[in-house]
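Going in written order, the chains are labelled A, B, C and D, and every chain counts its residues from 1.
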Amino acid sequence: MATLTLAEAEAILAGAKAKVIELGVKMSISVVDPRGDLITMFKMDGAPWRTPAVSRGKAVAAASFGTASGKLTENSQAPIFRAFMAMEGGHMIPGQGALPVFKNGELVGAVGGSGGTAQEDEDCSRAGIVAGGFSESA
Amino acid sequence: MATLTLAEAEAILAGAKAKVIELGVKMSISVVDPRGDLITMFKMDGAPWRTPAVSRGKAVAAASFGTASGKLTENSQAPIFRAFMAMEGGHMIPGQGALPVFKNGELVGAVGGSGGTAQEDEDCSRAGIVAGGFSESA
Amino acid sequence: MATLTLAEAEAILAGAKAKVIELGVKMSISVVDPRGDLITMFKMDGAPWRTPAVSRGKAVAAASFGTASGKLTENSQAPIFRAFMAMEGGHMIPGQGALPVFKNGELVGAVGGSGGTAQEDEDCSRAGIVAGGFSESA
Amino acid sequence: MATLTLAEAEAILAGAKAKVIELGVKMSISVVDPRGDLITMFKMDGAPWRTPAVSRGKAVAAASFGTASGKLTENSQAPIFRAFMAMEGGHMIPGQGALPVFKNGELVGAVGGSGGTAQEDEDCSRAGIVAGGFSESA
């Protein structure tokens, strides 16, 4: 299984952080591997305490299904999402804010945000992917 | 309580695997006894990490209710399904992809797939039942 | 992260199964990837229902720490093991019966048994590693 | 898998109840199948609310390991027992009070008591097995 290196994840995180600062929102950003395990993250000063966990939960969803976590919302009442959320103790969130990360067409991780609007969360994730030179789709 | 033997479960798994390979999808298949306990399973190379647990969860639903797990989806918001899912920590999924296994009219287990479309998941489960010489209904 | 392929995991499982049959014990064997996710497993006819989960739990421990799960027992009351067991809902068992699997010096998974004596469980795991042409140490 | 019929479980319960009344303790008795699922049980007037769950938890232990639950206590800090207890959400109690039930040498269930001393709990379980014409060992 290919996975982001720490250096790559740090590049994504730096790009996302620049966008968070530009937007002036109190946000957390999490970068995970394809299994949903954390590689690196930050919580801005004053961001709500729930945002680290929520940003990672969205990233887990994006990594697990290889798609923007926001695309899962419409069908989020489907049994598989409810079951998966229960299995993971809530640490899988099919809500907007995270994007999968692809390198040479292969899923290598995901990045998710929490603390802004759902669109801002996603925009910051996207900024990280662009800054790191990755793609959000295969 | 009658139950699939390991040899019978392996025959079902082999039949399902042949179909998975024919379809060319990255999938996991689980075969369970009538109580939902695993007898045997496989995860194809590259299949998402969620698929072993999801394939078993669907098989648990099919075994527990003696019907195709997809037939439970329409009513999956009913309290009994939501409660049962919670009791089992998510490991009971009333979503399409698993079928009960009957032998001489008696429920002896279930087989479930995850990783393809819901229809592909079910098709592979069915191929296993047919290959093993069993029936998906009493 | 390198990982066992399904074909490699099946070779390990077959080798372990031959040993289980030779010993005449009712046992379950699980083969997992380095993250502890199931690749393939079997439960012998008549093996206790707890054995699939216990065999996998031991394999999770061996994969997570890259050592024989039995070597973890002496220190199993250490906070990290008690905490990790709690985090995983019990699905990490620092007890004898599982071995890590190395290929060219790299950890690629683990195999664990349950249902025999702890030594028999480990012996069957070892037989699988040998049959598959792998090593239990780097 | 052989299992106690309801009629057989009721005979065990009746025998245990006679002993509970003779001892004059406020107790609960649970009879389970080999998988640990409840078949029948009673809670005496005034018995503590925890006793139904505890009597079943001991019976789960006796059924799962095929031995008196009290024999498991000495080794109850072993990783496998702590892990199994966690997996089952506490519903597996390796403490004295329950006995496995054998019929023609085959495990068919277990009976457990809670609310008296540990010895009284076990004595009532034993009285049920004797009254039902079963054995507590293979």
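We adopt the following convention: a residue touches a chain if its C-beta (ideal position, glycine included) is under 8 Å from a C-beta of that chain, and two chains touch if they have at least 3 such contacts.
If you're wondering where the values come from, they're calculated on a predicted model, not measured in any experiment.
**Q** Look at interface A-B and say which pair in B-D, C-D or A-C is its repeat, using the rule that over half of the contact pairs are identical by residue number.
**A** Most of the contact pairs in A-B are shared with C-D.
**Q** Of the chain pairs B-C and C-D, which one is connected by the greater count of C-beta contacts?
**A** Greater number of contacting C-beta pairs: C-D.
**Q** From the C-alpha centre of subunit C to that of subunit D, how far is it in Å?
**A** Computed from C-alpha means, the inter-chain centre distance equals 31 Å.
**Q** Taking each chain's centre as the mean position of its Cα atoms, how many Å separate subunit B from subunit C?
**A** 24
**Q** Residue numbers in subunit B touching 2 or more other chains?
**A** In subunit B, residues 35, 37, 49, 89 touch at least two other chains, as defined above.
**Q** Given the complex with subunit C, which residues does subunit B contribute to the contact?
**A** Interface residues on the subunit B side: 5-6, 10, 35, 37-45, 49, 52, 89.
**Q** In their shared complex, at which residues does subunit C touch subunit D?
**A** Within the complex, subunit C touches subunit D at residues 48-50, 53-54, 57, 72-73, 76-77, 81-82, 85-86, 89-95.
**Q** In the complex of these two chains, what residues of subunit B are touching subunit D?
**A** 1, 3, 35, 37
**Q** Looking at the complex, which residues from subunit D come into contact with subunit C?
**A** Touching subunit C: residues 34-36, 64-66, 77-80, 82-88 of subunit D.
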